[in-house]
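Notes follow the structure.
A, B, C, D and E are the chain letters, set down in written order, and residue numbers restart from 1 in every chain.
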């Protein structure tokens, strides 16, 4: 599979705080890269570099073999990178159709005016969300605030997939979701992978990571501590790495025993 | 002599003509080694306390002389007495009167009287045959504007007509359309209104539009004046403006005070009255010449 | 798909409460003010006031929807009036030159506001409070310096007068009303039918997410500040042309009046929700409340009280209806 | 073990929306009750009734055998019910000490005044948090906004335990946490249980639930669909119940296969 | 434990920026205004202004910390002045009765504000805008009805005069300054040393969480609104006693002036952050800026401009320092 996007020796500091050190990562088409790591390890910061929210302090981002810089989220989006950020991303007081197309509204000509095409937006948005299995949503005029957490997440992901993304980035999409909704999201990830997208998937749940991941990168304190493929490590090893290198199996055993 | 003059808000046209008088009197004071400091209110919002604050500021600056309008006697008197007690020579200007000056120990009063000015306006309407006059007050509750309207109403009543005040809420202050529409509405409602007078020159600009649209002959007057109002008097669409000739007030007050401090002069004329003067079609041209120089 | 065809759907629109408030005050004054109030002459009276206010309230409302505030409009009205009066009245430049320069300055001050809000993290209320004072100071200082007066006359004739400052339709209605209606239609197109409107709502909903979604939030913020300050300068300019004169003072009442109109019009102070039509209704409601008093027999000294009470009622009613309407819809906000 | 608190036939509606139907639940001392269920099943609503945020529309809450009503959160707290709500609960711009004691500030007399005892508050707060294993926190004047998600969660839980709670309620405390931090929270839950507290624990992660739960109640669309004890059901059965009765094993298998 | 002993710690306090702003304007006017400005007479001049404003700014600032706003204070100042003047001046009641009734009304209007804010979901800006107009209307209407005038005289002698409206310390300093200093000390105790202060910050940080934590948020909100309206009525009352007269108009400038002082004092407009000492510094800064001009040789026509620019500078500086200070501390907000 071909590498679409890669980070080469990327560093990122916020003022005096060094958050990322010498990150090297390859993202391949049709593959799910799971980014794992402790709270504060720097996962979301990697995502923000890839999606143009921040720029690397040093180092290089390469897309299709050519160096690229994204000065803002729009440029990243124009390169086919679609991101569902950890928090937010939907607008509670906006309609489903408008929220789906925010920043990329469909328009049509009415006389001399290019107007927002509400019907088209609603239709596409509803269809995109239903394609992901959320068939309860049938009215594009409903407010996003009225959707459940899982439905919102599906909306955000459907949006990312819809805009012809080549790279789909999901930052902890399953954190607040119920079992069914989370499984839903995992299915979506698989679906996207099958369509040939490169997916970057962040989670704190080993089971979710193992369910969809082809390739795993573990961040510990801002550096890539491990980079391996499916089947190369056991669940226990991965869990220990996710916990920042601590031996979790002992802890888990202790808890299970004491309970 | 170091002289402080206390005056009204920066954006009040009247007090900029006062400034012209001060500026013209200043060179003579400076030539004799003195200075003139014009202390002005920022706005009329917290009126009495702010004025007293300015008097105290002047005292703190250890000036030799103080020119001060006695707008709110109850509030200002103690502070003025304090200034006098501190050895500062005081002239009351613009508001107060000769009696008050004597009471406070001020050396003179230069100015006119708002109530008397209002009466002059009311009498003008009366003589011209108006029967029902509306006094538009865009700053209801302020002592000077209330006195103006009261004078108008009293004089027109004395002349056999009637008058009423139209107090406008603060939501319309500074919005000429809101002022014009309010006046228009009153005239629609009361068909007998045949005279309108506004408490400031700016409001007269709004009133002129309202009057023009009333569809009947209505005589318009105003306190104070501006270029647009004078143009209307010249064109015949406004009857008169009541002028208290502010230029004279400050020019004379500063000159008299400086001379008293520096040379010990004592002017026997007391009070020195500068108004009310009525500007109408009969004296408009001379007035316009003064306006061009910023003194009217 | 048919949210708008049900009663609940209609009530859920941002302008629903505003519309009911408008109907209520219309009824109130139709009863206490008599019919004059609804005849052409009476209607013109509040239409004129609404037009002056509405031209400013709509961009102020859009800023509020986008999560910002602009109170410097209170200084921009006299600024616009004075600039055109000094240029074309005092200096005698051609009126079109005066108009062009006034509008250019309006745009520039909007850019300054927007720039400062974007670059500093200071809330826009405070930034524009600073510009409010600064612009007031500049207007006063320069006017006195140049004209030795705080009131400048201006006589405009010909097409400029007809376009910007005259009465139309039987001489009762300011030409400003036409501007207002046209501009409101333009804003409706812009906000509810163009893509840019969507961006404004998104910015007010969640500025970071909006930026992440690729919306040029900074440029939009600048644009909105330019709209508000230019509109205020425009209103001032038209007033100077209409009344043949400009004063240094005044205009501050536009600040609160615009905010009231916007909120009565159903815009959320916290941003992200509202509509141009709502602001339109809110402005008319406000104009009727303030002007309607003159058609009643109430003692004029009570007008502030009546305005205060009516506004409270309008807002409370507006709110009650919105809550009632929303109660019938799920509104869990999972974030 | 003795029942501390129980819900008997409780219903809750918000206006026209019925959210809870005929809920019967017992909470026992020294036991962890896991409340499971899909997004929107009504878990947080149950919690809000128990903690005095809302009142039942009908039905009875019984504490120590006596019927109780909590008109506001303060009354519930006074009965020894400490809740860590799903979102919020800490104040980013407040210091650790102040945030810990919010609503129950320690005071001391200085002359005639009862003043807030900052030193004591800080000391107790820091000690309480450190007791839960977060030893990095040593300055009670630090702002809460500077803590990581896991540290905040620990602060909130430590607070609840500290105030002599008899019933500790945790609504999705592990959702945003890393593996290590989540394990930490689980250890805290066990610790609290050992001290004889009754714990109500909400989670969407089967592993977390099984690691600490003694007793499980599953809500489906606002009703108690299952109520069973540790060991009575398999992981698969629990997962299916959590997903609202759907058969998840098939789905999971499908995902695993397609990946 | 020793956050306050380091420079970074000091700079991180809410009042740090306000203090630096204060030093800057003091320096500015010491240079351009000369020494008179710092002599007792000059100091009294801005201390008096600061005292009047500060008594109102602190409760307004506490409301802002708690996430609310009260702009009805602009009407409560003339309300307080007029009530005592009508009762004890016009009707000739004993001055202590006038004072008691005035304060009682102040409390009642605060309760009304608080009640409406709690019971309706309407933002407090709008609710208090309504009461602003309503109280203005009541004051004007009733005063004219009762006294047939808009300016009422009041002569107070004896202890009431000495306590509420006299000059102390050589006749330059209003007794209000002592009130202000005492009340500020009280507020510092209340906000920073009592448990209730903690509640105010918690309410501004997250009202729902605060309520869940067992804080009686509704009662606290009522209390704060009562504090602000009563303080404003108190200031008006003292002014009437000091100046022997009360006017119907005025007081509105307190609205913006108080908000400016509070924000210059480092309180976050969004709530949850600030300090009484900061507001204290902010008030003095504002008073110096507005009064200092009179001690300089600047043309008075430019004073608004100077005020605007100085305020912008103070706020920007304040902000820059806060950001610099916070940059040295981790500030990830995980929520």
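The rule is simple: a contact is a pair of C-beta atoms (placed from the backbone, for glycine too) under 8 Å apart; a residue touches a chain by one contact, two chains touch by 3 or more.
Here's who's who by UniProt: A, D = ATP-binding cassette domain-containing protein; C, E = Xylose transport system permease protein XylH.
Computed from a predicted model, the values in this text were never measured in an experiment.
J.: Please report the minimal path length, in steps, between subunit A and subunit C on the chain touch graph.
T.: The fewest steps needed to get from subunit A to subunit C is 1.
J.: Could you tell me which chains make contact with subunit B and subunit C both?
T.: E
J.: From the centre of subunit C, which chain's CA centre is farthest?
T.: D
J.: Which chain is most remote from subunit E in terms of Cα centres?
T.: A
J.: List the centre-to-centre spacing of subunit A and subunit B in whole Å, with centres computed as mean CA coordinates.
T.: It comes to 71 Å between the two C-alpha centres.
J.: How many angstrom between the C-alpha centroids of subunit D and subunit C?
T.: About 48 Å separates the centre of subunit C from that of subunit D.
J.: Approximately how many whole Å separate the CA-defined centres of subunit B and subunit E?
T.: 33
J.: Specify, in ascending order, the residues of subunit D that touch 2 or more different other chains.
T.: Within subunit D, residues 39-40, 87, 148-149, 176 contact more than one other chain.
J.: Residue numbers in subunit C touching 2 or more other chains?
T.: Residues 136, 140, 144, 256, 301, 303-304, 307, 330, 332, 334-335 of subunit C each touch two or more of the other chains.
J.: At least two other chains touched by the same residue of subunit B: list those residues.
T.: Residues 10, 140, 167, 169-171 of subunit B each touch two or more of the other chains.
J.: Applying the document's contact rule, which stretches of subunit E touch subunit D when the two form their complex?
T.: 1, 3-4, 9, 189, 192-195, 197-199, 201-202, 205-206, 208-216, 268, 272-273, 329-335
J.: Please output the residues of subunit C touching subunit B within their complex, sorted ascending.
T.: 36, 41-42, 45-46, 48-49, 51-53, 77-78, 136, 140, 144, 147-155, 167, 171-172, 174, 176, 239, 242-245, 247-254, 256-257, 290-291, 294-295, 300-301, 303-304, 307
J.: Provide the residue numbers of subunit B that touch subunit E in the complex, in ascending order.
T.: It is residues 10, 37-40, 42-49, 52-54, 56-57, 59-62, 72-78, 82, 139-143, 146, 167, 169-171 of subunit B that touch subunit E.
J.: Within the complex, which stretch of subunit D touches subunit E?
T.: It comes out as residues 51, 53, 72-74, 77, 83, 85, 87-94, 98-99, 101-105, 107, 113-116, 119, 122, 139-143, 145-149, 152, 176.
J.: Which part of subunit C faces subunit E closely enough to touch in the complex?
T.: The touching residues are 116, 120-123, 125-127, 129-138, 140-141, 144-145, 256, 259-260, 263, 269-270, 299, 301-309, 311-312, 315-316, 319-320, 323.
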